[in-house]
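One structure is given below, encoded as structure tokens.
For clarity, chains are labelled A, B, C and D in written order, and residue numbers in each chain start from 1.
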Amino acid sequence: MSRRAAFPGLMRARGAAQGSRLVAALPEWVTTVGLLAMIANTGTDAGSRSDLLLSGTVTAAWGFFVASYALRIWSAPKAAARRGVSAAGARRRYVLSASGWIDMMAAVALPAGWLTGLPERDAQLFVIVWALNYIRRAGGLTLLLRVMRRAAPALASVLTVFFVVLLIAGTLSYVFEREAQRQTFRTIPHALWWAITTLSTTGYGDVVPVTLWGRLLAAWVMVGGIVIFALWAGIIANAFAEELRRRDFLRTWDLVASVPFFQTLGAAAMADIVRLVRARDVAAGTVVIRKGQPGDSMYFVVSGEAIVMFDSEAITLRPGAFFGEMALLFGTRRSATVVITKPSVLLVLDIADFRVLAGRRPELIDVIEAEGRRRREANAALDPAQ
Amino acid sequence: MSRRAAFPGLMRARGAAQGSRLVAALPEWVTTVGLLAMIANTGTDAGSRSDLLLSGTVTAAWGFFVASYALRIWSAPKAAARRGVSAAGARRRYVLSASGWIDMMAAVALPAGWLTGLPERDAQLFVIVWALNYIRRAGGLTLLLRVMRRAAPALASVLTVFFVVLLIAGTLSYVFEREAQRQTFRTIPHALWWAITTLSTTGYGDVVPVTLWGRLLAAWVMVGGIVIFALWAGIIANAFAEELRRRDFLRTWDLVASVPFFQTLGAAAMADIVRLVRARDVAAGTVVIRKGQPGDSMYFVVSGEAIVMFDSEAITLRPGAFFGEMALLFGTRRSATVVITKPSVLLVLDIADFRVLAGRRPELIDVIEAEGRRRREANAALDPAQ
Amino acid sequence: MSRRAAFPGLMRARGAAQGSRLVAALPEWVTTVGLLAMIANTGTDAGSRSDLLLSGTVTAAWGFFVASYALRIWSAPKAAARRGVSAAGARRRYVLSASGWIDMMAAVALPAGWLTGLPERDAQLFVIVWALNYIRRAGGLTLLLRVMRRAAPALASVLTVFFVVLLIAGTLSYVFEREAQRQTFRTIPHALWWAITTLSTTGYGDVVPVTLWGRLLAAWVMVGGIVIFALWAGIIANAFAEELRRRDFLRTWDLVASVPFFQTLGAAAMADIVRLVRARDVAAGTVVIRKGQPGDSMYFVVSGEAIVMFDSEAITLRPGAFFGEMALLFGTRRSATVVITKPSVLLVLDIADFRVLAGRRPELIDVIEAEGRRRREANAALDPAQ
Amino acid sequence: MSRRAAFPGLMRARGAAQGSRLVAALPEWVTTVGLLAMIANTGTDAGSRSDLLLSGTVTAAWGFFVASYALRIWSAPKAAARRGVSAAGARRRYVLSASGWIDMMAAVALPAGWLTGLPERDAQLFVIVWALNYIRRAGGLTLLLRVMRRAAPALASVLTVFFVVLLIAGTLSYVFEREAQRQTFRTIPHALWWAITTLSTTGYGDVVPVTLWGRLLAAWVMVGGIVIFALWAGIIANAFAEELRRRDFLRTWDLVASVPFFQTLGAAAMADIVRLVRARDVAAGTVVIRKGQPGDSMYFVVSGEAIVMFDSEAITLRPGAFFGEMALLFGTRRSATVVITKPSVLLVLDIADFRVLAGRRPELIDVIEAEGRRRREANAALDPAQ
């Protein structure tokens, strides 16, 4: 896809080398240090040395976020240059994006606190919005959002039921308990506080029914809370299942389509394969196959590089190659160790799915066998000892 | 389907314009104001100015519900006129419907309170039944009810087990704890109160076992509570999955069947498509496709209207048309922006499902491609700059 | 299947008439009354009039269970006579069955209490075993047991993890808290009590960590508790899904196989239908179809009887007949009301599934259409006004 | 597969005879006794007789684990000999394995405690690591780990959201409550303690909001806690479903492939069967089929041995044989009792799945019928009374 410009790439790149990965995690580290300082500062004496030190740390972190926001605005055109967007357009786009909003809030949090005229340490409480930086990094968040959006109508219905049960339970408990506990149940809002702690099965115990009817009501509210909870879990579980299916299919299709070996296949065979293989990101240095072990999967190299280490020789596998097929075809143990040398993406075909595939598309297995034999012979010509 | 008469349509219409939508939500607003007044009034001094103000608000809200109930009875024949039902029959049908019952209860709640002879503010507690108005509006409630009905036999079995465990745990805790805690465990009903708070993992902490055997029992009751809870969640999750599958299939079939493009297909091909597309309600003004973005789905217009905005011209798409197919066929970016101009229903064919379809029904993709090419050419003839 | 002998049939029959159904529920009523008396008696003064009354009630309920157990043993051969089992064999089989064990325990509970030499009211606590009578009646219990058996290995693994986490959390909390709270955390068993209330998220609050490390540990234990709970829910949800699929298939197959219309079909077509129809028990007097309503399903009569009420005539449908197909075939509204006149079992073919079937097995829809037309013509010959 | 050497086999063998099974469970028994002694010892007076006795028990258990670790290192080459690994290699492999690490930690736990210079009873707290021995034995642990690994990315996202909600809720509650409760909410870390007990719905009740805003916040935090919990349950349920499907398929394929009767089938038919049969481990002495009962499944013997007990004769079934097919084919009751005489693995074909198979692969049912008839005739020739 499109290459990314230097600065955002530096801060956000995936699969980067160890050093640049530390740099990429810098915003998270600054967030952590800044938040810890703000939190710890609520426990110091105002004006003490620790207070000054921690306040200074928070201010320094704020400086970092201001500089980072400015830098990102400045470098936005560079990042978008290749897509034919004007400099001003690229900047406006960044500022209005979700990421831009979070960066902006991080930059204005402290000044906003100062503007309130509160003492310094209270003004600093505003920097809690920095916590949003963590969410931005969380890999599966897009998936979570899609799941919640898919589940939203059903969840909203349950929330309505939850709310109505809450109102009715609160009113009834007020009726049942107000004579016995004139203080804790003296108005319906007080009774609602009991109802929410009970319906969510939190049960602080600061407000507890003592009359017979109040306790019978409480028993039903607890059971109702569990049922509502179970409804929620059921709704979300189903939304997740659908969304995962959709996402895996899409990603795997793109990966399968980029392997030359599969490109010659018809669409139907391709759809079969997409359903069976699983994509896996592998770090450099990983030993995927170890000689002498029993084999339970074969691999296709989508990107990156692997080395097959025979006793006398090492063969480099580039994107498009596959390995590990012999153990599946003939049930033998692994005949060589395979090490990943660059961060790679592999497609894994499990032995279970290999067999399913063998049943459904025998011609593919033929190709794999033939291709494996051909490559082995070519290797053997170069290295008779293999 | 059948058109609705003026009044109920005004109060309940979906997809209505902004103004009439506010009016449609009026019953909910009155409910909210009335309930808030009733709830707040439990905290005022009897006879104070706030009491009078809040009581007046509750009474006013009640007036609204009485008037609303009368109006609905009066307008019922109008709403049903086109279906060939007599005026009296239509009114009886409304009064006996679930909606009619809720409206009736809303109208008689306050007089019922007055009849009890309780002081005004206690009589007003009866209006808590207005909360049912929220439930009536909750969109997915029919689905929830169907799910609960489907899950009912299994849930009832678990509830029986829950109840038996409760009885046995209560009796055992009474035996173990009554010596140590003569007050809180002095009868089995007292012990049952402990058992229900523990089995639901609410754990108020007002009653806690202190003997060794009592605590061992409590540990098992807690674990049992979690298992029962998990059973419930599992049952509901499965009932949901089945019900969602059924509902989506039905709704989508009707929509697909109303798109002329699909009507020429055989039933089997149609069933395939129903499984793959997703229906989506789109508000007027929504930008469905934005020029220059990567494309991940194509759309069929079931009802409503969309405008394709090319640089020099705008093309109106009416029900039956489709758009967004080029990005899927050729992997290019969107070549035009598409805006919805009337509240519409679209069928969305995701890129993942488009590919599945390509594998299973290549002839359909041919048709889409041909149809797309034909329409583009027609457009090109009108607008050579496109 | 085999007919049941008079006595057990009287006590347990399904689908019995109103009167005999009350008799069938007698054991549950006696259980409820007996248990309530025993429970209430823990709150009376020993030797008081209420004590004597409630003790008498418990004793009377016990008498019922003794008589009932004796009756069942006596009538066991009659119930089994048709299966060619000897009288002694039938009795031994009943006594050793799960049902026999529960009946036996119900009969010996009170004497067992008396044998302990405890005061009468404590001896009566033993009758809590009568609660098992409820479980025996719970319809879906066999399903629950099958699900738990299927989920058992995975649940046991999670329970082991739960137990190990409990031990380690208890020991760590003892180390962290024993200095600060010398009383509540004075030994590891005391700390384990805290650990179980926290890991199950019950949280009584009688024992709460106060040190920094104790609270950090508590936070992880709570999160761990939620994850373990979620694991359990996931395991059970999956076991449920599999078990439900198996059970529905089996029951529906038997019902479908008993409808003559389907018996002429090949096994493959039959398997298709079994997957699509749903079985439903319908009480006598139920109105299945109401004239003028839109139709969303058709019905096959497996057993029982239904009456189609046309304006001038009523047609009786016996097992093997089907109805409601016209609304599905032509999209018209229901042309007659159908009432069930005996407790019946119907197979329901939903409109969604009807369409799936139309796609997959068009020949079946032809048969339904032809059969429907034939029957209508036969009716029309009898009743030209129809 | 490869045979195991004497010592590890003795300690870990499955399906071993009663006596050797007790020996195999020895490490668990020693763990239980040792941990109980350590736990009980926290409740004794230092230097008392019980203290000495319990400390001695812990030390003895430690001796067992040291000896056991040494024995395993010593016998490692024997266990691995057949796989062509050198003695030193086998030992190194064991020491570095997960099992080796757990054994090593069990052996060094007590000395590590002594090295800290703490009093004896505190030093003994280190032996809590022995609890890991239970986890090692838990059968489904590999499955649990695979599930958690599969679910890890999504779970991590939810955990991030959980953490961010925690931080924000803690800060807000600090702002709302610090005036009202100067002690319990005096710093953000104190407020975070409230937040975690509420977000996990544990609700100890030691810290409870009392202000209006604090309680409104608490209500949302509780609902948020339930949603996060439901998300977790949904994620894990889906990961479980996928992992179970994969594992069952793999295991069953291997078993089916080892039954000669199925080996002649094509891969597609085999894949069908693998999806339908279920594998079951059966202990020696189990009565699989009882004469005169209705039949609901047929069985294939994968390994072990079964005896069919006719009235006049008993026939031994060896791996590759099947039984129980007559009741399925003709709907009759079981005509003979079948007892397992050696620990066996059976493939069970349920009546539901048998019918599915009949629909999809009628030729298989023909073979089963023919094979069953042939074997019966052979038996009849030997035993005309059968």
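We take it that a residue touches a chain if its C-beta (ideal position, glycine included) is under 8 Å from a C-beta of that chain, and two chains touch if they have at least 3 such contacts.
None of the values given here were measured: they were computed from a predicted structure.
Peer 1: Using CA atoms for the superposition, what rotation angle relates chain A to chain B, in steps of 5 degrees?
Peer 2: It works out to 90 degrees.
Peer 1: Looking at CA centres, what chain is most distant from chain B?
Peer 2: It is D.
Peer 1: Could you label the chain A-chain C interface same or different, taking same to mean over half of its residue numbers are used by both chains?
Peer 2: same
Peer 1: How many angstrom lie between the centres of chain A and chain D, each centre taken as the mean Cα position?
Peer 2: Those two chain centres are 28 Å apart.
Peer 1: When the C-alpha atoms of chain A and chain C are each averaged to a single point, how far apart are the two points in Å?
Peer 2: Chain centres of chain A and chain C, defined by C-alpha means, are spaced 40 Å apart.
Peer 1: Give me the residue numbers in chain C that touch at least two other chains, ranges are fine.
Peer 2: Counting only residues that touch two or more other chains, chain C contributes 189, 201-205, 229, 233-235, 237-238, 241.
Peer 1: Could you please specify the touching residues of chain A with respect to chain B in the complex?
Peer 2: 83, 153-154, 156-158, 160-161, 163-164, 167-168, 171, 174-175, 186-189, 192, 198, 201-205, 208, 212, 215, 218-219, 222-223, 225-227, 229-231, 233-235, 237-238, 241, 246, 249-250, 253, 266-268, 270-271
Peer 1: Please give the residue numbers of chain C that touch chain B in the complex, ascending.
Peer 2: 35, 38-40, 42-43, 125, 128, 131-132, 134-135, 137-141, 143-144, 147, 155, 159, 162, 189, 193, 196-197, 200-206, 228-229, 232-233, 235-241, 244, 350-352, 355-356, 358-360, 362
Peer 1: Which of the residues in chain D end up touching chain B in this complex?
Peer 2: 201-205, 233-234, 237
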